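Common to both upcoming complexes is chain A, partnered first by chain B, then by chain C.
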Partner chain A sequence: MPSTALQKPLLALLLVAAIAFPVIAANDYYIYVMSLAYIMAIAAVGLNLILGYTGQLNLAHAGFMAIGAYTVGILTVDYGVPYWIAFVIAGFLSAFIGVFAGLLSLRLKGHFFSIFTLCVGFIIYLIIEKWDALTHGTVGIIDIPAPTGIGPLRFDHTWSQYYLVLFFLVASLWLMSRIVHSLLGRAFVAIRNSEDLAETLGISLMRTKVLAFVLSTFYAGMAGALYAGFVRFIGPGMALESHTFDMIAFILVGGIGTLFGPLLGAILLTWLTQSLQFLQDYRMIIFGPLLILLVMYFPQGLIGYYRERQIKRAAASVQDRRLQRAVLGSGQEARTNA
Partner chain B sequence: MLEIQGLTKRFGGLTAVRDVTTSFERGRINAIIGPNGAGKTTFFNLVSGSHRPTAGRIVFDGQDVTGLRPDQVARLGVARTFQSTHLFDQATVLDNLIVGHRLRTSSTFWDVIFNTQRLKEDERSCRAKAKEVLNFVGLSSVAHHRAADISQEERKRVAFALALATDPKIVLLDEPAGGVNPEETLGLAELIRKMVRSGLTVCLIEHKMDMIMSLADKIVVLDHGEMIAEGTPAQIRSDQRVIEAYLGADYAAA
Partner chain C sequence: MNIFFQQLLNGLTLGSVYALVALGLTLVYGILHIPNFAHGALYMVGAYAAFYFVGTLGANYWVAMIGAAAVVALLAVLSDRLIFHRLKDAPPLHDMIAAIGLLLFLEACIQATWGAEFHRLAPPYPQIVRVFDLVAPAQRLIIIAAAFGLMLVLHLFLTRTLVGSTIIAMAQNREGASLVGIDATKVSILTFAISGALAAVAATLFSPINLIYPSMGHLVIMKAFVIIILGGMGSIPGAIVGGLVIGFAESFGAFYVSTNYKDIIAFALLVLILSLRPQGLFPSGAR
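Take a look at the complex of A and B:
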């Protein structure tokens, strides 16, 4: 699988831009929106591992994000657990539940897997909504404490929270980059490509798919935990499949199976939604056709399109060089013959 | 090398393979022929572990492999190709091949997280293997082409290369010359001979009789899931049942 072909200078530039953003924007609301986009991007990066790289459409992803958020909400508000301990537990609890959900649902393939996970997501939603004693039911959990400071760092202001979220975003992407560019990542892509072929190449389907699934739920749990500490109010609605579909839209727009696709999609669509706010529900009239056009003309998403062009160009230049050599070679031959 | 004993596969009321007993010797080219729907591909699916047999035993290299999963069978040294080759079209040919050697490596998820020496070692060996097998099938020149841009015959060769990257002892080829022209078919036949010369055992399904007759050491004929004949090309050519079921009187006369 080709590397994401974003060169180091470009990456450095992006990072500098992200760090400078609060200074340039100088508007708490913009910083808030951007932080939310980053949190959704972390969740989408995780979903992209199982959907984009491994080819399994998991529709319960928002459910796992909700598990992470509720773990933090319940532990901090009802049990007085410090935020960071709850944060770590949130990631691992989501992954732990992911192991069982994965083992069960990955016995099914293709559409059947998707439909099954749709049900898993809805079950998570129902449990959150109905189990009043534990989850506060439809009321949701309010007044979740902001992340507590670490040493001299304080996370009680939008600015500092922005940098906290940015830190986790960079860490998520870095870790994901390691995974997808390794032999393990190649095994994921082989499964997406053809399960039958991957299996005859000695790749254990169940083990590899469950690993991808659990990793993606770990990302969802972390994103949920960040969300809880950032928005500080959560309700059962966040487990609904419509949020999974939002993340799928991020992935499709940015580039399915690309490292930065989910991030690009999350940022673009979040700001598009913001700027179309004045249209209220009518914004779907603009949103829908845009998405259709994108899927028609850029089926690989924006980064996917860019990457495909690069590979094509590289292949063409290899062919050009060979052609030139052939022409030069025959020219020399002609000369020696003369 | 590969012993098949009373192999049977039933799908509901349909018996796709019925009580087949045969054996394939090491270092030979074995062919399975028969009309469409005779159970040839099902036979491959049983040997490679994709289907679990209803009855019978499969012994590979002295080890009973009946009922093992495809990835386990692959680890023991059984590789196969499919009628249509699924490549990742957006990636280069070389990139497609690197994963083929993954089963001979041992790095785990934690090696990936900590980017250990073992992982780097494994990635080097997989890349080296990919180049080696690409060279073996004569495709080094298209290593950096997009898989989408190569010809049908080159795709077939990439499929061979992918199978070879698993370091197999036996290679099952499902219609290796399907959809390629006669000239290219000769080239693929030569490649199959080269594989055997390098110490492999080959078992192939094919409809191109000229190719089979000149290539195979042993032919097994299936019809409606049953083995109706086995033997050398000369024996098969003159077998009355095979002529009736598959070859036709014309071919026998020729």
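Take a look at the complex of A and C:
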């Protein structure tokens, strides 16, 4: 929803906090974890567009992130392409493959779409794992170069990379807010709420849904490209659906269909898993039930909950005023009658 | 001829395992109208339960199979009562997310207990059966015989008994079934129990010639989805025929095309078919 005058200072405060974070944390490890959370947030923001705003559960999202990461990995390591050129290609290649995947999969509705994308994700995983000559197979790609400097800017240590990632996070959030507040964004939400109604309003279902899908895969590709340059090691496992599920968890915790929900969820859950480090591989013992409980009792997420309360409060105050007016009115009426 | 026969046998083995898993999935779909993504985890838990009964408790193979079926049936019923039943009024998205949450939870639990490494169920019947110049491992023949026996029993149960026909009735028309006095809760418990037991039996049958590991359910469940989309969601004969089609496609594809990419065949088939016919091969009346 449009950022009101009240929300603007809050956003500025958040941005200042994010910029000051490396200085306050003063610990390379914390900065590293935070950057990773931002990268996952970019991917989750993209997934939220198709899942939260358009209402389609795409289970191949991690696959598209892997396509972005592998594009950077293969181009920079095997073909010596400069990082930034590979970076741009990664986003567009993911989106390009997204066009075809979207055209095929969005002909299906509801859970058929989910099953289909689950299979698409698995095909991506299998291709990455089996096509040794191109993707290095199960070994993965190691020693991916860090992003090269732009002008006077260098990205060779953790905190300068943190700012790079932060820049892309802010840019992608800004772009997403432009998208969801535009007429197109309203079309996405209309489709989520009722496909029949949206069609009646003259929204072209297929074109709009494919557009949402392609935009979300573009986000996934960019996030993957950043991930490759930041972590500098990638393996086929990143295309697996458990990875998509991490992102769904971020979105659900933060608030599905809200702009900042995926970011909030990514930061909260990343720090939760980091503080439960011994649980790294077993995080799903906590995440799994957490998600089930969330969809059962708290499906709107943190930001959704906050917004619901705000709306309720606004409604209550309107009601109050109406009540007051009614009481006053009846008082006056009584007086005139007397 | 011999090689061809070998592939035929492989295809039949794979197909009957897939069909058992897909049958459970399609039955639950008839009740829930939701793809139960957790079904693959039930299959995996079934394999581990059998592995535990045979390996640690030293149980007989068939006893272990019954034990695994009981454990998984209970787990499936619990998942229905605790999760899916409570979500029946929620949007379908929530059921799907809850199902995936359950899948990953079960997988993580198994991995925490048994580790990520591969296990193997000792083959109870390592013999080789020889008929003229055709050879077949006994386990494969057992898989085929047991799977088809079970399918026959299930078919008779669903069509010839009153309790079985309540399941069919519920799948065909929920309101209508309630109107004639069928208890939805009972039917749903029964359906989940059957689907869990089928998954466990399939896993126990297949484990002696395959490996046991936490993510073993992924491929199987995805293929089961492909099968029930091919065969029509909720259709029982469709699940069996679809299972055999995928089984044969894989065994012949692995032999005549490439072993490396045999797992892609099922998905490529799905992508191809759904691209041409988005409503599936045999669209069911329900959807």
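Quick note on the criterion: the second predicted complex is superposed on the first by the 312 of 338 C-alpha atoms of A that agree within 3 Å, B and C clash if a C-alpha of one lies under 4 Å from a C-alpha of the other, contacts with A are read in each partner's own complex, and residues count from 1 in each chain.
Everything that follows uses one rule, which is that a contact is a pair of C-beta atoms (placed from the backbone, for glycine too) under 8 Å apart; a residue touches a chain by one contact, two chains touch by 3 or more.
Bear in mind the structure is a predicted one, so any value in this text is a computation, not a measurement.
S.K.: Name the contact category of A:Ile311: first (chain B only), second (chain C only), both, or neither.
M.R.: Touch status of A:Ile311: first partner only.
S.K.: Thinking of the overlay built on chain A, is A:Val120 touched by chain B (first), by chain C (second), by both, or by neither?
M.R.: second
S.K.: Of the two partner chains, chain B (first) and chain C (second), which one does A:Arg322 touch, if any: first, second, both, or neither?
M.R.: A:Arg322 contacts chain B only, not chain C.
S.K.: Which partner chains sit in contact with A:Asp196 here, chain B, chain C, both or neither? Use first/second/both/neither.
M.R.: Only chain B is touched by A:Asp196; chain C is not.
S.K.: Can A:Leu108 be said to touch chain B (first), chain C (second), both, or neither?
M.R.: A:Leu108 sits against chain C, while chain B stays out of touch.
S.K.: Just chain B (first), just chain C (second), both, or neither: which does A:Ile248 touch?
M.R.: So A:Ile248 only meets chain C here.
S.K.: Tell me the contact category for A:Ser182 with respect to chain B and chain C: first, second, both or neither.
M.R.: first
S.K.: Which positions of chain B touch chain A when the two form their complex?
M.R.: Listed in rising order, the residues are 48, 50, 69-71, 74-75, 79-80, 82, 86-88, 90-92, 95, 98-100, 102-103, 105, 107, 109, 112-113, 115, 119, 122-123, 126, 141, 144-146, 149, 162, 165-166.
S.K.: For chain A, which residues count as touching chain C in their complex?
M.R.: 51, 55, 57, 104, 107-108, 110-112, 114-116, 118-120, 122-123, 126-127, 130, 241-242, 245, 248, 252, 281-285, 287-292, 295-296, 299
S.K.: Help me check something: in the complex, which residues belonging to chain C touch chain A?
M.R.: Listed in rising order, the residues of chain C that touch chain A are 34-35, 37, 83, 86-87, 90, 92-94, 96-98, 100-109, 111-112, 116, 218-219, 222, 225-226, 229, 260-261, 263-264, 267-268, 270-271, 274-275, 278, 280.
S.K.: Provide the residue numbers of chain A that touch chain B in the complex, in ascending order.
M.R.: 1-2, 175, 178-179, 182-184, 186-187, 189-190, 193-194, 196-205, 211, 300, 304, 307-308, 311-312, 314-315, 318-319, 322
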